[in-house]
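Think of it as A, B, C and D in the order they're written, each chain with its own count starting at 1.
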Amino acid sequence: MSEEEVIKAISENFGELVVESKVLRPKKVSITVKPEGLVSIATFLRDSLGFDHPLGAGAIDYPAENKIQMVYYIWSMNRRMLIMLRADTPRDNPRLPTLSSVWDQMNLHEREAWEMFGIVFEGHPRLEHLLLPEDWEEGVYPLRKDYKLPER
Amino acid sequence: MVVSEAKEIMRISWGPQHPMSGQFRFILETDGENVYEIIPDFGFTHRGIEKILEYRTFVQGIVPFERLAMVDAANVGLAYVRAIEDAAGIEVPKRAQYIRTILCEISRINSHLYAIGLAAEAAGGYPAIFLWTTADRELFLDLAEMLTGARWSYAFFIPGGVRADIPEGFKERALKVLSYFEKRLIAYRDSWLENEIWLTRSRGVGRLSAEDAIKLGAAGPSLRGSGVELDMRKEEKYEAYEELNFKVAVQKEGDCQARFMVRFLEMIESTKIIRQALENLPPGPFKKPVPPKLPKGEGFARVETARGEMDVHVILDGSDKPYRVKVCAPSFRNLYVISKLPKLTKILVADVPVVIWSFDPWYLDADR
Amino acid sequence: MLIDERCIVMAELPIPIPIPLPEWVVEFIALNWETLLKIIIIPGLAFILLFELVAVWFERKFLADAMLRIGPLYCGRVAGWLQLIADALKLTVKELFAPKGAHKVLFYAVPVFAPTIPALAVVLIPFGPDWILFRAGGAGLLLFFALTSLIPVLTILAGWASNNKYTIIGALRSAYLYIAAEMPLFIAAAGVVILAGTFDLVEIVELQSKMWFAIPQFIGFITFFIAMLGASERVPFDIPVAEQELVLGWRTEYTGIAFGLLMTVEYACLLAWSLLFITLYLGGYQGPPILGPGTASGIFWMLVKLGIVVAIAIFLRVVFPRYRIDQALRLGWRYLIPLALLNIFLTLAMKPYMLALLK
Amino acid sequence: MSFPIGRVILGPVELVLRKVFDWSRHYSLWPAHFVTGCCSPEFMQTAGPRYDMERFGVLPLASVRQSDVLMVVGLVTKKMAKRIKLLYDQMPEPKYVMAIGACPISKGPFRESYSIVSLDEVVPVDVYVPGCPPRPEAILHGVMLLQRLVLEGR
């Protein structure tokens, strides 16, 4: 099956960098990676495994495990398969290498993740507000779990 | 303010208050005629829906979620509901799947009519086609109102099935509307898609090659207009699309005309789908009871909305509210492709409305 | 201004004037009541304003009908006929202000002077054998073209004075389009002048008593109509006022009555050009004398033909989207001008046969 | 104190003129093309053939300069609020504001969102049209209410 081939190919080339990889659904693979190996695995995915169509990227906040997980959703056009590339960063000082060099669409997604979660992407050309108004006060990240909505 | 003295490039704001810009702002860098840069300015309609959903139970969350792309509320609502069902492993009865397919296709035709109408308006104040499509949309709004009780935001899909069964008399009325609509489609094709001035305005304008479309991440008709065959209804085979036979509309040229031809052919396919779904509508229950608290889990749904493929990633933590909902909106990707287009082809100031509306972005969908 | 030689004694005054006017006023009216009538009523002020109201009302109703809509309905109980009067009155009451950086003097000068130019151009058109306000000594056509070529100057002034990026682009486009549309107009009209041998509009119309110039000058007829649409900025050439791209083109910054006056410019241009089109190609006031021999049937026929031509121009707005500016210019330079030149060569070559046809 | 002759002579004339101009203003309310939220398809339907807005003389125009009514259709975010304030100031004087949809009135289905404001905090509003989205008949009813308001000479 093509899912196992992909997982096998990745674990061979980047054995220790891959934290965990499993097949969620037929044709949907999820791989959790250490932040240092993110860029190299991403370029490997795009060039050799054919994952060329980026769908989106978002972050998930786990205050219990004190980590923020960034998820990249990439679709491969000829394999007809979706991969969820995940990377965890500590919650207090979230830092991740940028993937906008690999898929240029990630530029916008990373800006959104920065303003909503506070993840600082090293090497990102222009980390500015995307969805929030310009005068949004610094340090307040709305999508984090500890940001309670005003009325509730 | 002048950006670079050498080429006297000035920066025009295609502001939120502009007949063709809708709720969005593009900053154009142009020297009066050629456009060198289209910079999208997001955030004018950002409501923070992903945050609001974390405070709403599953059934309550459908109402704000459908506001993502109100024109195509059924498909968008379906994405959220399927994500929850995927996360909790809920099976939907056969009849509910057929009813869902019917409403999704009605909403798709609605949305494509809106896109074609506004494109005719963008091409040059061509009011007749814009108002004709508005008139035809009224018919489909009446159909949706008869089925669900609401014209736009249906909130008709709930985890486990559909809120109500098909009222009797709906089938005859739907068939009447569809036969009338097929005649209207021929009228649109003759009077507009083959209109000589429209062809000069859209043929070869905003050309997007297949590799660029894939690399930049275009979605839906914008992708299929460039010759890439990717339709979630065929990939994911969700709801009743597996048993119904229909073709995926694909065009090769990748310019504005091709994108609209894709939408036009998709409308023809949608009418066929509705007819087949109405013909062999299976008996049986239309809803399965679902407990309010769903077990812990992670679900991912991909639905082909009228604007492209919407992916919803839901994470449940055992309570009656979702822990986190991540939406990958098609219009967000289309707007990104628009911002990269001036680097791929030559675009004039007069072309900008036609090019923008050929991608049919829905700005509320992009801003979430 | 040529005053009529026939001196009418006050007694024969057709309309008894009950109002106690001073002596010299009655004398003045008695002397040239006919010219006053021309200035105020037919080719003059009232006609242009009335045409403006009727044309805009007809356009809104016609467009609405083509779009399966009803259009203005409740403002006048019958078919919304009072709608335009309501709009005009409302515009007079609106607040007038100029944008911050605008050049105040020029900004307000343009709406005042702009409508006068097409109105002046309408003065030269003959509505009857002797019902012409200003014959311009036999050079009516030349003065007409001289006047109408002033309009792009004012558009650029307005665009520049409004100190807004959109208006500058709109004004420049209007200038490009006007040049591309004016050339074919001159050359096509030259064809008619060669055939008629004179610039005087009255003689041109007299020559068309047996057969209109549209038939011998058919290529010129088509070119003139298309170029006329371009010159009066009707669809598919209404690029300078392209709502979708440039908000309202060079008229964006005007509010209240200034905007109203600039709307009259657009429709007065359409009126002027279609009147010229009728006199040159459709036989002006020629037509079977229905309301008696004299000027009455002439005026009647002019109005009928005007209605038809304007209705066609308005109908085109429903059917066609808009050309891009470079496509419109290409159409103008690459197709219209060669066609007009071809028309001149044909008239030169076949002039004797055409004249035989006309006699 | 001299007898206000001007008031006595011109009083009735001014009254008649006011009546005429109010009549003309209430029959030609030009909104600007400005949709800010998800109710925009419903606004297009109201301008469409079945519920034709133009019967009341409501003709959407391109720029705010020539408009009388600022029809805010749909939600108002903080970023959009600045632009709405800017637009409201640019409109010529006898101007009105119509809030169409539940969001401009009371933030609608997103009431606890962090980036939405209700229209009252931005500009003075004359007519509220509730509904999410309001039916075209409701929008037309709002237009009629505004016409009655204009007739009273507000």
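Following the convention adopted for this analysis, a contact is a pair of C-beta atoms (placed from the backbone, for glycine too) under 8 Å apart; a residue touches a chain by one contact, two chains touch by 3 or more.
Please read these numbers as outputs of a predicted model, since none were measured by experiment.
Visitor: So which chains are sitting against subunit A and subunit B at once?
Guide: Chains in contact with subunit A as well as subunit B: D.
Visitor: If you tally the C-beta contacts, which comes out ahead, A-D or B-C?
Guide: Result: the pair with more contacts is B-C.
Visitor: Subunit A to subunit D: how many Å between their CA centres?
Guide: Each chain's C-alpha centroid was found; their separation is 46 Å.
Visitor: Can you compute the centre-to-centre distance for subunit B and subunit C, using the mean CA position of each chain? Integer Å is fine.
Guide: Computed from C-alpha means, the inter-chain centre distance equals 46 Å.
Visitor: Rounded to the nearest whole Å, what is the centre-to-centre distance of subunit C and subunit D, using the mean of the C-alpha atoms as each centre?
Guide: About 36 Å, centre to centre.
Visitor: Suppose each chain is reduced to the average of its Cα coordinates; what separation in Å results between subunit A and subunit C?
Guide: About 65 Å, centre to centre.
Visitor: By the touch rule stated above, which residues of subunit A touch at least two different other chains?
Guide: Residue numbers touching two or more other chains: 131-133, 142, 147, 149, 152.
Visitor: Give the residues of subunit C touching no fewer than two other chains, as numbers and ranges.
Guide: Residues 67-69, 243, 247 of subunit C each touch two or more of the other chains.
Visitor: Please output the residue numbers of subunit D that touch at least 2 other chains, ranges allowed.
Guide: 48-49, 62, 77, 79, 112-115
Visitor: Output every touching chain pair, sorted by label.
Guide: Pairs of chains that touch one another: A-B, A-D, B-C, B-D, C-D.
Visitor: Which positions of subunit D touch subunit B when the two form their complex?
Guide: It comes out as residues 32-42, 44-45, 47-50, 62, 64, 74-75, 77, 79-80, 83, 87, 109-110, 112-116, 132-133, 135.
Visitor: So in the complex, which bits of subunit B are touching subunit C?
Guide: Listed in rising order, the residues are 10, 12, 18-20, 32-33, 120-128, 130-132, 135, 195, 197-198, 200-201, 348-353.
Visitor: Using the touch rule from the top, collect the residues of subunit A that touch subunit D in their complex.
Guide: 131-134, 142, 147, 149-152
Visitor: Quick check on the complex: what are the subunit D residues that touch subunit A?
Guide: 77-79, 111-115
Visitor: Going by the contact rule set out above, which residues of subunit D touch subunit C in the complex?
Guide: Residues of subunit D touching subunit C: 20-21, 23-25, 27-28, 48-49, 52, 54-57, 59, 61-63, 65-66, 68, 92-94.
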